[in-house]
Every structure is written in structure tokens, then in C-alpha cells.
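Common to both upcoming complexes is subunit A, partnered first by subunit B, then by subunit C.
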Partner chain A sequence: MLEQYRICQTTGLRVFQSTENLIKANAVVAVIFLAIGGLFGLSIALTRWKAVHLLPADWFYLALTAHGLDVLVVWIVFFEIAVLYFASSVILGCRIATPRWAWAAFALMLIGALVTNVAVLMGNSSVMFTSYVPLKADPSFYVGIILFAVGTLIACFVFFGTLVIAKQEKTYEGSVPLVTFGATVAAIIAVFTLASGAIILIPTLLWSMGYISHIDTLMYRTVWWGFGHSSQQINVAAHISIWYLISAVVLGAKPLSEKVSRFAFLLYVLFLQLASAHHLLVDPGISSTWKVFNTSYAIYLAVLGSMIHGLTVPGQIEAAQRKKGYNNGMFEWLRKAPWGNPAFSGMFISLILFGFLGGISGVVMGVEQINLIIHNTIYVPGHFHATVVAGTTLAFMAVTYLLVPLIFRRALILPGWAKAQPYLFGLGVAGISVFMMGAGTLGVPRRHWDISQADAILPYDFPGAANLMMGLNGMSAILAALGGFMFIVVVVGSILFGKKIDASTEVPIAPPEDARVVGEYGNEDHPAIPGTIALVGVFFVSFILYYFVNWKYLAEVWPLR
Partner chain B sequence: MSEENHQEAADSNESERIPFMQQLLDNPFLLLFLGVTIPTIFYIIWGVMEIVTIPIAK
Partner chain C sequence: MSVSPPQQKIWWNEPVPKSELIWVIIAFIWGLIMFFAMVWWHIYGEQNLSNESYRITAEDFSAKTEAMVEKYKVREESGYPVVHPPPGEDIYLIARLWQWWPILELEKGQSYRLHLSSLDWMHGFSLQPVNINVQVHPDYEMVLTITPDSAGEFGIICNEYCGIGHHLMLGRMYVVDERGN
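== the complex of A and B ==
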């Protein structure tokens, strides 16, 4: 039986009907949970702002649990599944493997997400998304997460199956395009992630039901972070693939070197997941050898991978722009980039914030000694809002501005809002990241309801600067929430009410002729990228300075006298 | 061997030899195998071994 497909007018890609429906369903659910989870985020940030202190304690921990789950797990993973189907079926131009299983995966994930959300909202599962034992949640909390994980695993295998079909039916020649390769890396990391999750959460479920009497806390934390951390590396692989995708579709940019970019992704496959150990850097009972091997020696190879992408993504944008004639000076290519196209601006802001805020802070705090300064302070959420919100979430938002015309075939409503959205959201998220990091450096703990410590036996006052930063964090949260709200309005509004696009309509934000490079293998010839090299230089100087500042700071915390 | 012989040898080979790295990168299931075993050994198994060998307090 031959399945129906259409040829996309702008990219020349084949879009099969069943793939299109699956992408739509997964993306829509993702966006709904982003809206819900984002509101919880705002309520937490307002609670941590001393002057506002919005929620009472029990609601704070409930909201914190719901926030972590709905944005970090539900939003991101549903969206990633949409990306996997896009990167396999659409980019390779082949039908999706076993659409029935893909729908079963979707149903399991949705049911799982709902079950866990209900458990949290009932109020007896405020265990944070990490659910560290011996904190005990309602059994349905774990059941929901397990169903969600099983669904995700099925979806990953639908992706691998689709790769096999494309190869058998010869819908492409030679190697898969780079974006598909990056998505494959994300799916590979997902398999390890989900296996770790199953190994630890199934016994934890049995424990919460009373069938198992004891789960060792350190064992739990070790295996759980194989799940919790690795899932962040799925995000990294996915959003870097999206950077490549957007620069190909919006600018017709080809990779500077397929070999180098793929090698960087290979470093992720081999090493990135080991970084899970950075969550255990202060846990007693595990040797420094294990900690340092997993968080330093091996992980720096994966960091090398990220730095390669940090060079090649802006590099391929520069090369494509210079080919279009933007050749004056170092930075004309950047000034004349399509800053009014939210897909591009969102992608580029994601790249910059992820590298400068998330990347630098991540590597520095992953050093065993330096970690002591900030462990379990609000510096940690500061860091990961730079990675997973400014990096991943903003990249996913950016690509949604392409998916709406290409997959939903609707024109964007409120183009002015769409244009401004990445800037507002980017600014807000940069604010929450920087201010939480700043407050954390001054010792403000994470996951704490009351910064005034009113019910503590020994009173403690944080320095005024810390309170100031938590206030600025609250204001930035309002800005980020506003940016998130605009995104939801534009996307949901466009899907429901946007002008239908068919062959005759003109897409307002149209990808160029050469967008089809996204589905091809091949390097840019003779690229010259002086501007990118200069930016990379600035990055390295910032990196080195920040690294040494932290050692100096550590030396002051524990002076040698 | 002269240049020409080389050329002949390459031509007579049905398909040109694919470099090792390319074969690795083109094989998602081999990558999947590596991506699961490496962290399982270095992170999970090694970590769990250290935890189970912690002596139990009396």
C-alpha cells in the first residue's frame, strides 16, 4: 500500500500524511505543557522574590515539582519526538515506520503525563521531579513517569525503524544529512537515559507501594542521574541539530565540514552521558577517581564536541552570508542577518546564551573543587535555565516558527509579536539565569521556600545584594513569562486561525530557494569565517577569565593560613 | 607498484573502500551500542560497584 505524501513547496521535502499528523500531535501537546509549566515557573520565581513571596510553603513545593516535570520532561520530550519524526521521515523523504506504534507511544506519553500531573496536583507527591528517596510520592506519580518513559522509548524505536526503511527504500544516497545524524545521536542518548530511568523508578514504585522496604539513597541518586542528566544531553543533541536545521532552511547554509561536525556528534555519543556524575560531586561514598574521570577527563572530550559546534554553526551562517555578498569587514554578515525572522533570531540567541551562560558556567561548576562553592545553591537552576531554557527551549520555539508554515501549513498570525518574542524571552531568560547564578554565588539555596528563613532556629540574613538579585530574578521571570505567553498566543493562534497555506499563497516569512540543502550531504566550499573566529576568541577569553575567577573565589572561601 | 597499477586496482574494486570512520558514522546501531555500553560501564557499573563495596556500619 502506498501512502500519500505531498512535496513541500519551499524545501522540496516529501511530507507523508501520517508523519505530518504525528508531528502535529506531539508538537501541540508539547506547547500546551510548556504553557502550564511556565506558569508554575513564574509562580515559583515570584515566591522566591522576598517582597512578593507569593505562594505558601506547601504550594511552593507542589508548584516546583509540577514546574520541573511539565517543562523539563513533558514539554521538551514531546517536542523532541516531533523533531525525531521530522528529522527521519521528512528529511529523508520516507514513510514513518509503524505509525500505529508511534500513536501508541503518543498515547502512553500523554496518559503518563496526565497521571503524574494529577498525582502532583493532589498534593501528596511534592517530591520535586528528582523524587529522591526517602521522599515518597503517591504510586501513581511513578506509574505516570514510567508510562511516559515507555512511550518515549517506543517513539525512539519508531525513529530507528524509519532510518532502516529509508535505507532499504533508498530514499537517500550515501550518508544521512547532518540534521538527521544529530537527531540519531539524540535518540541514542535517549535509549541509555530511559533504561537508567526504568532501572531505578520501577523499584521505587514498588517501594512506594510497600513491596520493597528500603532503597539506598546513594544508589538511587547515582542511577537516577543516569536518567536525569542524560536526558539533558538529549536536549543538547536535539537543539544543536535544530541550529543546523534552521541555518540550512533560513539561510541555505551548508556545513563547513560534514566530517568535523559529525565527529563532534560522535564525541557526544561516546562521552556526554558520563557527565551525570557532576550531580554527585559532593556525595560521600563514591571515590574521587570515579568523580573526576566522569566529570573531567572524559567529559572534556564531549565539551570539545560542543565547542566544535559552537564554531561550526555560526561559521556556516557566516559562510552562507558571505556567499550572498555580505563581505564587508568582519561582521557585515552578522549585521545583515535576518534578525526580523524569529526562527533565525531565536536560534542565534539560543546559540549565544547557551554557549556563554550555560556552557561556561556548566564546565566551571563541573570541576569537583569549584562545585563546592555553589553545590545546591540557586546557582544550579541559574545554570540550567541558561542551558535548557535559553538553549533548548528557545531553539525549539525558533524551529516552531518554521514548523507552523511547513507542517501545519498556516501563516503566522501577529507577525509583529512573533518578531519580538525571541528577544523578550531571551532577555527574560538571560535575566533569570544570571540573577539566580549571582544569588547562588552569595549562598542562596535552591528549592527553598523562604529566603528570610523566618522559621529557622538559627536566624540568618542573606546580604542585601542576594535579596536584590532574587528581586531582579522575579522581574526577569515576568519578562520571560511574557515572552512565553506571546509564543503560545502566536503559535496556537496561527494553528487555529492562521491563513491556510497552499501552493498559491505566499508564506510571509519564506525560506529561500536553497533551503533544500537541509536534506543533502555536502560541505560549503572554501569558506572564510574571520568574524566567527573573532567571536570564538571572545568566548575563550570569557571562559578562561571566569574559570580563574572561580578558583580565586574558592581560595577565599577556604583560605590557607 | 606504479601509479597506474594503483589506479587499476581501485577501478577493478567493485565499490570503493569506505573509510572506517565513515562506516562507523553511517551505522546507527553500532553507535547505539557504543552510546549505551560506554556510560553503562564507566558511570553505572563502576559507580554501583563503589557503592556496594562501602562497608556497612555496625
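== the complex of A and C ==
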């Protein structure tokens, strides 16, 4: 069967009709759930701000459960599926495999998301995103997640199928592009993740229905985190692919070394999933040997992967900019970067915040012993808002500014809003992360309605600084929510009312000569990247200092054996 | 570009730029240092979790705790027994919906074998302001030897969500300078 496609005037990519529709559907649902989940998030931050204390306790725990599911899972995974279809069908110029199955996957995911949301909103499933046994949710809560997971699994196989078709029909030559390679890594990790989820959630469903009498809590946590943490590693692989994608499309950047960047992605496939250990470092019944090996991803080999991308992504941007003539001093390439283009600014802010806030804090709290002073404090959400919101969500927002003209073929409305949005959102999320981490070091617990504990029999007073931090967190959440609101207005508004783009009005995003800016590497055209090396140096010094400062903090607590 | 196949078909034979190679080596060595830091701390550091834990039923743990309370109770506070066991003793702390029971009174600079378990759901032992955080499971008894090195009144917060009364689940621990003070 022959399928219809168009050639995008801007990029020269072949876009098939069925792919385009699938990407649109998945991206639109993703953005809707981002809006819903984001509102829940704002209400949580305002509740934990002592002076506001917005929600009553039962609504707080309900909103917290819904927030985790809707943004951490539904928004991110729907968007990732759109990215997978883009990275296979669009980038390889190939028709999508079994579009009907892809639509079935979409339907299952949507039904699953709705079923779980209804279960949560009914009020008898406030078990948090983690749904630790023996907290029991309504059976429909687990049914929804399982349906969603099955849909995602099908979508991953549609992606793999598309890769096979592209290879067979020879729509590209040589190896797949780096972005597709990264997306493949994300999809492989997704299959592992979803298998872990099925292994633990199917018995839990049966338990909630009364067919199984007992589920061991330690087993639950061990297997569940194979799903819960690994799903975040899908995000890492996906948003790093997007960093490469945006720098290629906006600046015409080319990887400094295909070999090094692909090697770094490969380390993810092999080692990232060991990170489920990060959640089990202070649990009984697990040996320190197991903890040390797994928490370090087998001697930090996945961290090595991320540290490599931390050099190669800004490095390829610097190289591309220098080839364009921004060659003065260390940082002209960075100063003269397209900071007014929200795709670029969003991508670069995502890169910086993910590395400095999310990456460093993640490694430090994953040290077996340091976890003792961090486990289940609000430091933990502080860390993962830096990775998943500042890193993944902001990268996804940035790439959306490219998808709107490319896939929806609409011009952005309110360009001024679009321009400011990544900065506002980035600032808000950076505040959320930093202040939650700060409150965490003062012992403030996560998932807690009221740290002033006015009604407790044996109250405990947190230091005033803790309340100050939680207030600042609330204010940052307002900024982030404003940034999120602007994103949704711009994107939804553009899709509905933006000026239609046809072949005659298309404006090239990158000047054509950019496609070959960085010449073949190894020759004299290959520019040095002193600015990136300086940035990486600053990063590394911060990393080392923060790492040892936390050992010092640990050394000050009561001796434990 | 990253959105097109590698320019060099045989990309895996390309030389790696020096700046990248050096960074990969530095990052790898840093990983080794961080890995062995954890091992080193197990040998020389003072804050490590023991690997000692047992399976136990809620009834058995409850009975052990009550025996300790009966033997070493010194007074009562807000309906909670305050227990002052002799140094070096095995001490027990129950986590249940929604309390930490009983109140332990320890002596500064002495070591105790603290046994932690939950009688119902999962809870999070969070000793404040010291900031020691440990996961507490039902059916598992975790044993850690603690040596309080500061005196005063300490709060025990639950930091694992355990239902609607989670934020009310608070306990207390006292550390006194010498016996009775």
C-alpha cells in the first residue's frame, strides 16, 4: 500500500500523513495532561507553603497522587511516544509500521490514563504514584496503569517495526542518525521498564481484588522501582536525544564524534536500570554489597555516559557556532547563540539545570551512606524536579516549538510569550528544586501535609528556615506554573489559530549552508572548543565540592553501625 | 548532523578528539573514586547501616517491645511510656498507624542496638534534627547500633506516606547527659 507523504520545505524531511496524525494526537494529549498535572502540582506547593496551606489533608494526598501520575507518567510518556514516531518515521523518511496498532496503543494509553485518573479522583486511591503495598487502591487504579503500560509497549514495538521497515526499504544510508539511535536506547529501556511494571502491578491488582493474600513490601519496592526509576531513565535518553535534535535543527550542529556520543548512549542501555537501588539504600534485608554495586550503576558507568553528553552537547554547539564565525574569545559562540529562539533557549536551560542541579544532586544522594541524611526528605523531590521538570519537561517544551511549525504546520502565535517562556519556567523550576533540596537538608519530609503538626500528640518544631524554604518553594511554583500556562497558551493557541504554513510561506529554521558547517572531523576545519571545556571544568569542580561537602554533613550525624 | 546518518559510513574508526578522550578518562577515574569512597567509608567511616535484619511477625515484635517497656519504664508522658534502658541494651521502637511507640530515653555517648519494625504499613523513621532516615517495613526487623553524641529532645517524624494520619505520626526520643538527668 502506498502512503501519502509531503516533503517539508524547511528541513527536507519526508513526513507521512499517518505519522503526522499520530504525532499530533500523542502530543496534544500529552500537553492536556501537562496542564492538568501542573495544576495539581501548583496546589501541592501552595499547600506546603505554611502561610497559604491551600488544600485539606485528604485533598492534598489525592492531588499528590494525581500530580505524580499525570505529569511524571502521562504527559511524559505520551510525548515520548510522539518523539519515538518522529525519530523513526520522520527522521528516517519512512512510513510508520502498522499505523492501526499505533492507534490501538494510543487508545489503550488514553483509556488507561483516564481510568486511573477517575480512580484517584474518586478519593479511594490516594496511594501516591508509588502505590506501596499494603496501601490499597481501587482495583481500577492498577487496571488503568496496566492498560497504559500495555499501550506504551505496543507503541515501542511500532517504533522498532518502523526501524526495520526503514532498513528494508533503504530510506537512509549507513547507520541511523544519532537522534534515532538515542530514541532507540530510550525504547529499549522502556521495554525493560514496562516488563518490571507488569511483574509487580499484575499481582498487586490481583491482591487488591482479593485473589492474593499477601505481597511482601520489600519485594514490591525492589521490583516496583525497576519500573519507577527506570521509567525516568527513558526520559534521560529521550531528552538528551532532543538536545542533539534541537542543536542540529536550529544550529546545524554535528556531533563532535559519533563514536563517543553513541558509546555514551550505549552505557545507558547497559547500566542505567541499576538505579532502582537508589530507593532501597536504607531498607532492611538488602546487603551493602548489592547496594554499593547497583547504586553506582556498576562503578558509575551510566554517570560516565551523562558526563560525556555534558561535554559533547555544548561542544557540538560551540563547534557549529565557531564555524559560523563566532570565533572571538572563549564565549562569543555562547553570547551570540539564538537566545531569542525558545527551542534553543529551552534546550540550553534544560541542559544546564539538568547537569548542575539534577545530575550532581542525583549522584550525591545515591551514595549509599549519604542517602541516610536524604532518604524520603523533600530533598528527593527537589532532585527529581531538576531532572524531570527542568531537564525532561523543558526539553520537551523546547522541541514543541519546532514541532508546531514542522508537524502542525502553524506559525507560533504570541512570539513574545514564546520567547520569554523558557526563561520564566526555567527560573521557577530551578527555584522549586533548590528550595526543596534546601528544606530537605533540614529534615523536612516529602509527601507530608503539615510539617507544623499542630494536632500531633508529640509535636516537633522544624527550624524557621525550613518554613522559609517551603514558602520560597511555593513562590517558585507560581513562577513555574505561569511559565507552564504561557507554554500551553502559545502551543494550543498556535495549533488552533496560528497562521497556516504552506510551502510558499515556510521560513527555513536554519540557513541551508548550516547543514555542513562543521566539516568532517579530524581535519583542520574542526574547531577547538575551549568555551565548552571551561564550562565542563566549572561543572566538575562544583560536582567534586558538593560531593565532599555532603560526606562532611554525613560525618556529623550520630555514629551508626 | 544528528538528524542525518553519520557522514562517515565507517564512523567507528574515526579518531576521537583529544578533548573528549581526556574528559572520558577523567570522568571514568572520578567514577572509580566515588565507588571506592563508599567501600572506604564502610571500613573507616562511622555512619553505616548494619546488614543485620530479620523476618519477624507483628505479634513477636510487639511482644518484645512490650517486655522492654515493662522492664525499663521510668515515667509516662502524654499517654506514652518513657523507657530508660541501660547502655548497650537492645531497644525496640514500634512504628504503627500513626505513632512511634514508646518514647526512648538514652544516654549520651553510649551505644544501643535499636530494633525497628512496623506493625502494619510501611513507615519512614526520620530522627530530627539529627536527620537520620531509615525505611521501616512490616515483617522485617532492622537492627542498627546507634551512639547518640548530642543530648536533648529529638523528634521522630514519619517520612513514608502511610495514609490520612501520616502527618500526625510523630514520636520522641530523649538523650540525657548521665543517668537520670
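Things worth noting here:
Basically, the second predicted complex is superposed on the first by the 535 of 561 C-alpha atoms of A that agree within 3 Å, B and C clash if a C-alpha of one lies under 4 Å from a C-alpha of the other, contacts with A are read in each partner's own complex, and residues count from 1 in each chain.
In the analysis below, contacts are C-beta pairs under 8 Å (C-beta built on N, C-alpha and C of every residue); 3 or more make two chains touch, one makes a residue touch a chain.
The model shown is predicted, which means the values in this text are computed figures rather than measured ones.
With both structures placed on the common chain, the touch criterion links A:482 to neither subunit B nor subunit C.
In the overlay built on the shared chain, the residue A:160 is in contact with subunit B alone; subunit C does not reach it.
More residues of subunit A are in touch with C than with the other of subunit B and subunit C.
Shared-chain residue A:54: touches no atom of subunit B or subunit C. Of the two partner chains, subunit C is the only one that A:372 touches; subunit B does not reach it. Once chain A of one complex is fitted onto chain A of the other, the partner contacts of A:244 are limited to subunit C, with no touch recorded for subunit B. In the superposition on chain A, contact of A:216 is made with both subunit B and subunit C. Once the two complexes are laid over each other on the shared chain, residue contacts for A:420 go to neither subunit B nor subunit C. Legend: residue contacts after superposition of the two complexes on their common chain; A:273 is shown touching subunit B, with no touch to subunit C. Within the superposed three-chain model, A:226 lies in touch with subunit B and out of touch with subunit C [touch as defined at top]. Counting contacts by the rule stated earlier, residues 175-176, 216, 218, 259, 280, 285, 287 of subunit A appear in both its interface with subunit B and its interface with subunit C. Within the complex, the subunit A residues that touch subunit B are 160, 163, 175-176, 181, 184-185, 188-189, 191-192, 195-196, 216, 218-219, 222-223, 226, 230, 259, 262-263, 266, 269-271, 273-274, 276-277, 280, 285-287, 290, 293-294, 298.
Those residues of subunit B that touch subunit A in the complex are listed here as 21-22, 24-26, 28-29, 31-32, 34-36, 38-40, 42-44, 46-48, 50-51, 54. By the touch rule above, subunit A contacts subunit C in their complex via residues 11, 13, 57-58, 61, 91, 126, 128, 132, 134-135, 172-179, 216-218, 221, 244-245, 247-249, 252-260, 280, 282-285, 287-288, 292, 295-296, 299-301, 303-304, 307-308, 311-312, 315-316, 363, 367-369, 371-377, 441-443, 445-451, 453, 455-463, 515, 520-522, 526, 528-529, 532-533, 536, 540, 543-544, 547, 551, 554-555, 557-561. Residues of subunit C touching subunit A in their complex: 1-9, 11-12, 14-17, 19-20, 23-24, 26-28, 30-32, 34-35, 37-39, 41-42, 45-51, 53, 78-80, 99, 103, 111, 116, 120-122, 124, 126, 128-135, 137-142, 144-150, 155-164, 166-172.
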